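In the two assemblies presented below, chain A is common to both, partnered first by chain B and then by chain C.
Moving on, here comes the complex of A and B:
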């Protein structure tokens, strides 16, 4: 437990604070965007069980995003809701993997599998970090994310193992998402500063290698193509297309219709 | 949120007799009357979310651990705690912390009994590695292990859905987390 003042005091150094703000924004935006994408399945998932599952996953992810925006809000002295909702689409820093729109069920499962496995590797590098507010929060988040990895893995296996439409659709999704899968690890401004301060345990590049090695046996077993190298990794969190503008239009619509409203 | 999580309950005498000695044990005993809104057979004490209680002549400070990061019941729980402790006649602060991750292993033996008696299967041991589906959960209605998990995700973040093939009843399981 820390107070607002302590949060600032712990990051007195300006460079470290800016780098930490970049990291928190990327983490929060990723969870926020995938959470909203998942919530689009509520009521229209292919099975009733998956209506419930996707809604629960979305609730988890939006909860993680809210907590991360809360930490960022204290660090930079800004209202967390304003950070979440009052930016133009280009100012969001989620990775391009999450910019493909909801797509069909296979697309959703492929995206979840790629994101959840990558997110798990990324979080492991934060658990023991030197900035307690983030390390403690991540220690809690990883316990929940284990269920997400299990869910995505079970569905990936199911779709990949059935020849015909399930596998064909999965392969199409895999081709579409593959070049963007590694954008979860797009290098962040100031990440060497964060590593020097002991806030993260490894560079993005090291984490990406670790992730590719970890999922390789599963891809081989399920006869899924090895993922191509990341396209334009330096732009991996900077360019958001039409699908994200549409999602953004949805999740900001209430806020924009009556700015500053409370209920 | 870890930070700024303060809530001050203004003391409201509720016609109760004044408690002369107020210490941690008295506060914890009072908190056994505050129920989890999502699983109302469990008190916040049996749920294991009450981490620290600090009592001074000028304030009561309680720190709680969220069961899930995005638990929507958290604000309700904080308000319920502040309301229950208002009778002690001093400002109440209910802070939220992630300093220790809450796990379902923290649910007390009494809490597990209360869950079972109300048709909820208590959590299996949580562990820390990848989720591995263990043996089927014991049916809280008939005690059979011939059960299947229908959905690892349920009506709230902390519950999964199961079915017993012996007594043919559906039931919920408090997720191991």
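Moving on, here comes the complex of A and C:
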């Protein structure tokens, strides 16, 4: 209870609290959706070692999501499990990039690379933020995400460098994801409030530019197409498609089988 | 784990031996092995299999084919009596006891840990 009171006290201003809740929900939903989706590789990854690696990455993301839902739960005084599981699909705020299912291995790697590099840029803008609970949590998350970027980068390099099926599959995934890649930076409701309060250090637009500039040398070196502009950025975290509906059906099925049960 | 039907151009997997250190100052101990196509992924997989639960502070990853193997029993387990090469060949116990008696020191206790 002490933590809850402290958390509320720090965000007494209603506008800031609402904006912060939107940010936490977007961050948590991103981590939750990619973590759950990548966990589908457990048991079927290309080799046993990679099976362990991908499962471990997926668990990391679910761990980050749990911590972020926990912060949000304290902020708005709601059970974190209820936030994670008891919403209709359209109420989730993950970015459209993650509405693409895991697909084949090339799709998973392309999605991971785009998401992890964008996530790294986004987290850097939060780590020195004025709301201590989030800044502290992000400081820890960043240390784990470093490895995620290394892993995705190592695989992207291999798929891109081997002509034939590996590169062809990667290019197909790249084309499919391209217009949605930048949705990690879709503007959030109240982000100017957050910037004013010193909780985030830059606007979504600035972060997106920074991310595109950062990955450009890698894309040039691997001869991957420069990403197109983000499609409908203002709707980037809304209107999740059929693929997500199916994923949602999976991750809520146990919870819905016996609502209110104690596990 | 090894796919014989891998397409041409695909890297072949080979075994890498992983040594791990549990805490600073400990010796490196053999942990096991991973299959990987190259050193970079071998290090990734070593990290996942021998380090993801914070059970290691350092890992060494060595390509198995770079390890020089010696298992020649003629060299390692010679058939003749070599007991004179063991420190047990020298009976130090009585001499040590006599020296302690002179100096008045007690026998040191076995080191723990």
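In the analysis below, the second predicted complex is superposed on the first by the 261 of 263 C-alpha atoms of A that agree within 3 Å, B and C clash if a C-alpha of one lies under 4 Å from a C-alpha of the other, contacts with A are read in each partner's own complex, and residues count from 1 in each chain.
Here is the rule we go by: a residue touches a chain if its C-beta (ideal position, glycine included) is under 8 Å from a C-beta of that chain, and two chains touch if they have at least 3 such contacts.
Note that the structure is a prediction, hence the values are computed from the model and not measured.
When both complexes are superposed on chain A, chain B and chain C occupy overlapping space and clash. Within the superposed three-chain model, A:74 lies in touch with chain B and out of touch with chain C [touch as defined at top]. Of the two partner chains placed by the overlay, only chain B lies in contact with A:66; chain C stays clear of it. Of the two partner chains placed by the overlay, neither chain B nor chain C lies in contact with A:101. Contact with neither chain B nor chain C is seen for A:179 once the two complexes are overlaid on the shared chain.
Of the two partner chains placed around the shared chain by superposition, chain B is the only one that A:136 touches, whereas chain C remains out of contact. Ranking chain B and chain C by residues of chain A touched puts B first.
By the touch criterion stated above, A:164 is placed in contact with chain C alone, chain B being left untouched.
Once chain A of one complex is fitted onto chain A of the other, the partner contacts of A:144 are limited to chain B, with no touch recorded for chain C.
Once the complexes are superposed on chain A, the part of chain B occupying the same space as chain C corresponds, among 1-9, 127-135 or 145-153, to 145-153. In the three-chain superposition model, chain A touches both chain B and chain C at residues 49, 52-53, 56, 147, 150-151.
Contact residues of chain B toward chain A in the complex are 1-4, 63, 66, 68-72, 95, 97-99, 101-103, 126, 128-131, 150-155, 157, 161, 175, 177.
On the side of chain C, the complex with chain A involves touching residues 1, 3, 7-11, 13, 34-37, 40-41, 44-45, 47-49, 52. Taken together, the chain A residues at the contact with chain B in this complex read 1-4, 7, 49, 52-53, 55-57, 59-64, 66-67, 70-71, 74, 132-133, 136-137, 139-141, 143-144, 146-147, 149-151. Of all residues in chain A, those touching chain C in their complex are 47-50, 52-53, 56, 147, 150-151, 154, 158, 162-166.
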